[in-house]
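Across the two complexes that follow, subunit A remains constant while its partner is subunit B and subsequently subunit C.
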Partner chain A sequence: MSDVLLEVKNLKQYFNEGKASEVRAIDDISFAINRGETFGLVGESGCGKSTTGRTIIRLYDATDGEVLFNGVNVQDKKTKAANKDFNRKMQMIFQDPYASLNPRMKVMDIIAEGIDVHGLASSKKERREKVISLLETVGLNREHAERYPHEFSGGQRQRIGIARALAVDPEFIIADEPISALDVSIQAQVVNLLKELQEERGLTYLFIAHDLSMVKYISDRIGVMYFGKLVEMASADELYRNPMHAYTKSLLSAIPLPDPIYERSRVRTPYNPKDHNYGSDEHVEFREIAPEHFVLCSDKEFEEMKKNYVPKES
Partner chain B sequence: MKKDIEQLPQEQFERVHIDSSKAERIEKPSLSFWQDAWLRLRKNKAAIISMVVLVLVVLMALIGPHLNGHDGTTQNLRHANLPPKMPGIEKMGIMDGYGNLSGEKVDLYAMKKVDEYYWFGTDGLGRDLFTRLWEGTQISLLIAFVAAMIDLVIGVIYGGISGYFGGRTDDIMQRVVEILIGIPTLIVVILMLMIMEPGLMAIIIAISITGWIGMSRIVRAQILKFKNQEFVLAARTLGSNDSKIISKHLLPNVLGIIVINTMFTIPNAIFFEAFLSFIGLGLQPPSASLGTLINDGFKVMEFQPYVLLFPALVISILMIAFNLIGDGLRDALDPKMKD
Partner chain C sequence: MSKILQVKDLELSFHTFAGEVKAIRGVNFDLNKGETLAIVGESGSGKSVTTKSIMRLLPESSSEFKNGEILFDGKDLTKLPEREMQKIRGKDISMIFQDPMTSLNPTMTIGKQIMEPILKHQKVSKAKARKVAIELLNMVGIPNAENRYKMYPHQFSGGQRQRIVIATALACNPQILIADEPTTALDVTIQAQILELMKDIQKKIDTSIIFITHDLGVVANVADRVAVMYGGMIVEIGTVDEIFYNPQHPYTWGLLSSMPSMDLNEEKLYAIPGTPPDLLNPPKGDAFALRSEYALKIDMEQPPPFFRVSDTHYAATWLLHPQAPQVEPPAGIIERMRTFPGSRYYEATGGRA
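And now, the complex of A and B:
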C-alpha cells in the first residue's frame, strides 16, 4: 500500500506576493497519496482546497515547494512531450457542471478533446467508438454524443465531465468538489460511479469536498485544511473516531444527522483559532500523535494530545 | 375504500414496464446554438421585416443604377432641376413632373420639352437622382461594410490578445486604448482627412482609426469572462495549447457578441460617413454617397424637397433596419441578457 503516487512537499501558493493584498492560499502543506487510494481534502470555503488541486495539476505555478508525481517534480520546466505525458496521467473533474462544458461544442467533441490533443485515435471511426464506449462507461448512451451540454441535467453533465477526464486514461484524478453542485440523489450516483471506476481502472483520487459524510464514504484517508494549512490528517475512520485538532472537532460537530432525537441534543463546537494561544517562540508543526495520524500543533499541545489520546473503536 | 380497490376488475389493468435503459433518453431534437438562435430570431417580426427590407435596399443599390438607362454622372443642363416623374404613378397626382415655378404648379417636363422620365427627378446639373441615389447607397454601404470589417478584425485581435494574455500585456494595451479614446474622434478624423487625399480610402481609414476600440473592449471583456471558466481550465489540463483554446473554446463563445456588435457598427459607420460628407469632409464630386446627396438636397430643401427626401429616406431605412436586426440578434443570441 505504501506505493506513493503523488507527494506534495511544503507546497506554497501565494497570490499577489509581496503586495498588501497578498493572499496565502496554500501555506506550506505536505502530504502523500498512495497509488489506488482516495485522499479526501476537506475544509471550509476559501481555505485553499481547490487551489491545492489546481496547483498540483499546474493550472497555477506554485510559489514554493514541490509536487512529485511518480517521483518527478511536476512544477519543473519540461519538454513538450513530457508535459503532454503528464497531462495524460493527471486529470481533473470540475466543480460546476454548468461551467465545465463548453456550451458551443457537442458532447462528442467535448469528450474527444483529450483524444484529439494526444492523438489517441487514428481515424474518425475509432474516435467515435472511443467516445461512445466512454459515454457508456459513465452510464450515458450513444445518442447523447450528438447533443449539446445544455440539453443535459447537472448529474449527466458531471458524468460527461468524468468521461472527458477518463478519455486520456489517467492514473490520477483530482475531483474538485465534483458533487457539491448536484442534488443529493445525484450525488450518490456520481460518487458511486467514481468508486466503480476506481475499482475497474485502479485510479487514484484526490477528492476535494466540503461535505464531510460524503468524504468519509469515499475516502481512505482525509486531510483537513484550514486557512491554507493542513491541520489534521488521518485515515477516514480514525479521523472521525478520534479527531484531535480543535478545528476538526468543530467540523465534525457540524454534521447534521437525519435523527431528530440526536439533532435536538447536538451542540456545535465553535472553533476560534485564537484559542490555541500560540506564543511567538512555540514551534507549530505537523506531528504524528498516533500511527498515521498527524495534527498541526505546538510542543505543548502535542504532549497534551498524546496524553489525552484514547483510541476509540467504533 | 379498501373493498372498492379489491373489486376493481383485474383485466382492465396493464402492467407497465419501465425500461431503465431509456431513462436517460432526450426526446427533443438536438439543436446547435445557431439553430436555436434562428428559431428565436424567426419569431421577431421587426427583425425579419428589417432583414427583408435590408436585402431589398442592398439589391437596389446593386441593380438600381442600371434600371432606367440614365447615367449618374452625365450632366445635362437642359434637364436640370426636374421634379420626379414616374410612369404609372404619375396619373395619381404625385411624381407627375409638376413642380413649383414662381408660385404656380406647372408641368416642368412639358415646359422644358423633356420626353424622358426622371423617376426621382434631377439635380441642378441635370443628373438623374434615381441613379445617383442607388450609386450613393452602394458607396455608403461599401464604406460601412469595409469599415465594420476592419473594426471587427482589429478589434477582435486587439481585444483578444489583451484579454487572453492579461497581465502586463493587458495593462499596456489598455493604456494605449485609453489614450486613443481620450482624443475626440472628430479631431482625429479631420486631421486624417487633411493629410490624406479625400476619397473612399480616406474615409474608411478615418472611420476605422478609432472605430475598433468599442469592439476590442467588448471582446476583451468577454475573453476575460470566459478564459477562467472551468471548460477552459479543463482544456488546459487536457493539454490543449493556446491557439486551440482560443479557436475552439473562446472564439465560438464570443462570436455571438461579435456579430451583434458588428450589426451596430455598420449603421454607425453609415451615419458617420454621411455626417462627414454632410460637413464637406467626405467624398468629392462627382462621386456620390448618401451623405453628399443629403448635403446637396439640404441646399435646395425649400424649392425642391424631393432632392433631400429620397436619400434621407434611404438612410433612415438603413439605420432602422440595421438597428432592429441588431436588437433581434441580441435577443436571439443572448436570451438571458447576461451581457
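And now, the complex of A and C:
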C-alpha cells in the first residue's frame, strides 16, 4: 500500500453560508494523494477545482471536513512554529505568471522571500547561492537574479514561480493551472520541468487544470469535478479509456485533437445534469466501479455502468 | 476560387527606445472567399500583428509599414486614410478578440454595443437596428434575447460574452472575420460550443475567417488552410491536411510534436528548445536555425526561399532544396506522414500490418 501524504475528507467550502447567495463551491469531496504521485483535478471554470487547492493550502478556512497532511489536520489551530513548518512543506504555483510575481521586486528577492522567512540561509552569500542554484534548476541562469519580472517572457516567469515554490524545499506543491496562460511549445517545456523536478526531489503534486490532454500526460490519477462535486476519479489511463460519468465523457469529447481527419468526424456529447433524473429516494454517492475507479452515481446507474464496463485487456 | 484579400511582401516595424523591432518581415498570403485560414505560431511570432495591420489597429505613432501591400476590394489598406479605413472596419472586416472580459464595454448594455456598428455603417432607424441586434443574439444562441438585450456584460458568463462579441462582429455581415485567439480564455466545453457556432455562422453568411491561435487542436477543427508563422515570417502554408499530415518545416514538426497525444504513452513531451528570436536584431539566415536540430550550414547565412511542395503547399526551409541532405523527421511526424498520399513515407495499406 502506498503512503498517503494528503487526505481530503468530506471537505466543504460554502461562501456566504446561510444567506440567499450561498455558493457551495466545494460540496463534500474526498480524495487522497499518495507521496510522490501527481493528482490531476479537472473541470470547467467555476466547478470548484481552484477553491479546492486554495482550501487545502489554507488560503480559505473550510466550512466543514478535514484536510490531513502527513496525518495532521491543516485546519486545526496550531502554534506559530507548527504553522510555519506547514507552510514550508506545502507550496503553490499560480496560474497567471504576470500577476503572481511582485513587479517591484528583483527575482533574487522574490525567490529568496521564503528562504528569509524560514531562516534557511545563514549568510547573504548562502542566500545568493541558493537562489542561483534554484534558477539553474528551473533552466534560468545567474544573470536573471538581478532582473525584474517584466523583463521575462511568460514561460520564464512561470519558471520563476516554480523556483520560488521550490526555495523552501516543500514536499507538496499545488499547481493551479500553471500552464494555461502559456503557448503550446512553452507548455511542454514547463510540464517537462515539473516532471523532472518530481523525479529528482520526490515531490507530490496536485495539478489543477482544464486542459485534459496535458493533465493526462502529467497525472498518475485524475479527479473530475463538476459543480463542487467530484464526479469521477481514476488512474489517468483508466479515465481516458473508460470514462463512466456522463460529464467526463462530455469533457473528453470536447478536446480538439491535432488531427483534422478525426476532427471532421468528431461528435461532441453535450452534458445536461438533468439527464440523470435522480429521484428523491435515490441515493447518489461515490461508488467504486472497478478497482480504484470511482464514479458519482445512483444505484440504478451503478448497475447500468457495471454492465457497460469494459475491463482493461491484458 | 476568388481571392478576397491579398497580403503581399508585408513588412512592418515598431519603433521602440531599444531600436527598430522588425515584427513582420515579409509576409505573403491570400484569403479565398468563404474559407477559414488559420495562422499559428508562438507568442511574438507576428500572427496578431499581421491581423492588426490588416485592420490598421496598430498605433500610428510607433508602427510603420516598411514595404508591401494589403489588397482588399481593389484598395491597398496600408495606404488608406483613417477616414476611409473607418468605413471598412466593423463593416467589411471585423474582429473578435481574445478576451471577452475586456473587449466589451462594461458601462454599456450589450444591445447598444451590438447596435453600434449597425447604426454607424448602415442607414437604418434605431428600431430597425434593435431588431437586427435581437436577431443576432438569437443567432449566436443567447436565450431570451428580447430581455437580455438590455443587460450589461457583467451579467453574462465568459462563453456568453464571447457569443455577444461574435454577434457584434457579425452585425454588418462582414466579408472577412478576423478571430484573434477567440477561445483561448475559455474552457474546453465552451470552446467547442464557440467553434461550432463560428462554423455554423460561416456556412450561413459565407464569410471568410482568419483564425489566429496557438492551439493546433483548434486549428485541426476549424481550418481549411493553415499558415505557420515564426519570427515575423510565414514558414509554411498549405491545406490543413498538408500541414498536419505532410509537414515539411522543422518548426511545424516541433509544434506538432509538442502536443501531447491522447493514446500514445510518451515518457517525455517534446519541447522546442530555446526561445523565439529577438526581432530587434533578427537573425541573418533562417530564424529557426538556432533552435533546430535539422539546421544546415546555409541556414546561418541565408534565409530560405519558399519551396513548392504542391500547388497549395509551400515551405520555407532549405531542407527542401534539391541538394539538401535527406533528413528523417521525428517519429511522431513520420507516423502522421504515413497516412498522407503523396508524402515520402506514405503507405498505401494505411499503416503497418
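Assume the second predicted complex is superposed on the first by the 310 of 314 C-alpha atoms of A that agree within 3 Å, B and C clash if a C-alpha of one lies under 4 Å from a C-alpha of the other, contacts with A are read in each partner's own complex, and residues count from 1 in each chain.
In this text, a contact is a pair of C-beta atoms (placed from the backbone, for glycine too) under 8 Å apart; a residue touches a chain by one contact, two chains touch by 3 or more.
On a predicted model such as this, the values are computed, not experimentally measured, just so you know.
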Partners on subunit A (subunit B, subunit C) - clash or fit: fit
First (subunit B), second (subunit C), both or neither touched by A:K216: second
Following superposition on chain A: angle at subunit A, subunit B versus subunit C, Cα, nearest 10°: 70
Touched partner set for A:F294, first subunit B, second subunit C, both or neither: neither
Touched partner set for A:Q187, first subunit B, second subunit C, both or neither: second
Partner chain(s) touched by A:G139 [first = subunit B, second = subunit C, both, neither]: first
Partner chain in contact with A:F94 - subunit B first, subunit C second, else both or neither: first
Three-chain overlay, closest Cα atoms of subunit B and subunit C, distance in Å: 5
Common ground on subunit A, meaning residues reached by subunit C in one complex and by subunit B in the other: none
Subunit B partner contacts - residues on subunit A that touch it in the complex: 54, 57, 59, 83-84, 87-88, 90-92, 94-96, 99-105, 110, 113-114, 117-118, 139-141, 143-144, 146-148, 151-152, 156, 161, 164, 168
Subunit C-facing residues of subunit A, complex: 44-45, 153-155, 183-189, 191-192, 195, 210-214, 216-217, 237, 240, 250-251, 254-263, 266, 268, 271
Subunit A-facing residues of subunit B, complex: 21, 24-26, 28, 30-33, 229-231, 233-240, 244, 248-249, 252-253
Contact footprint of subunit A on subunit C as seen in their complex: 42-44, 158, 187-192, 195-196, 214-221, 223, 240-241, 244-245, 254-256, 258-262, 265-266, 268-272, 275, 339
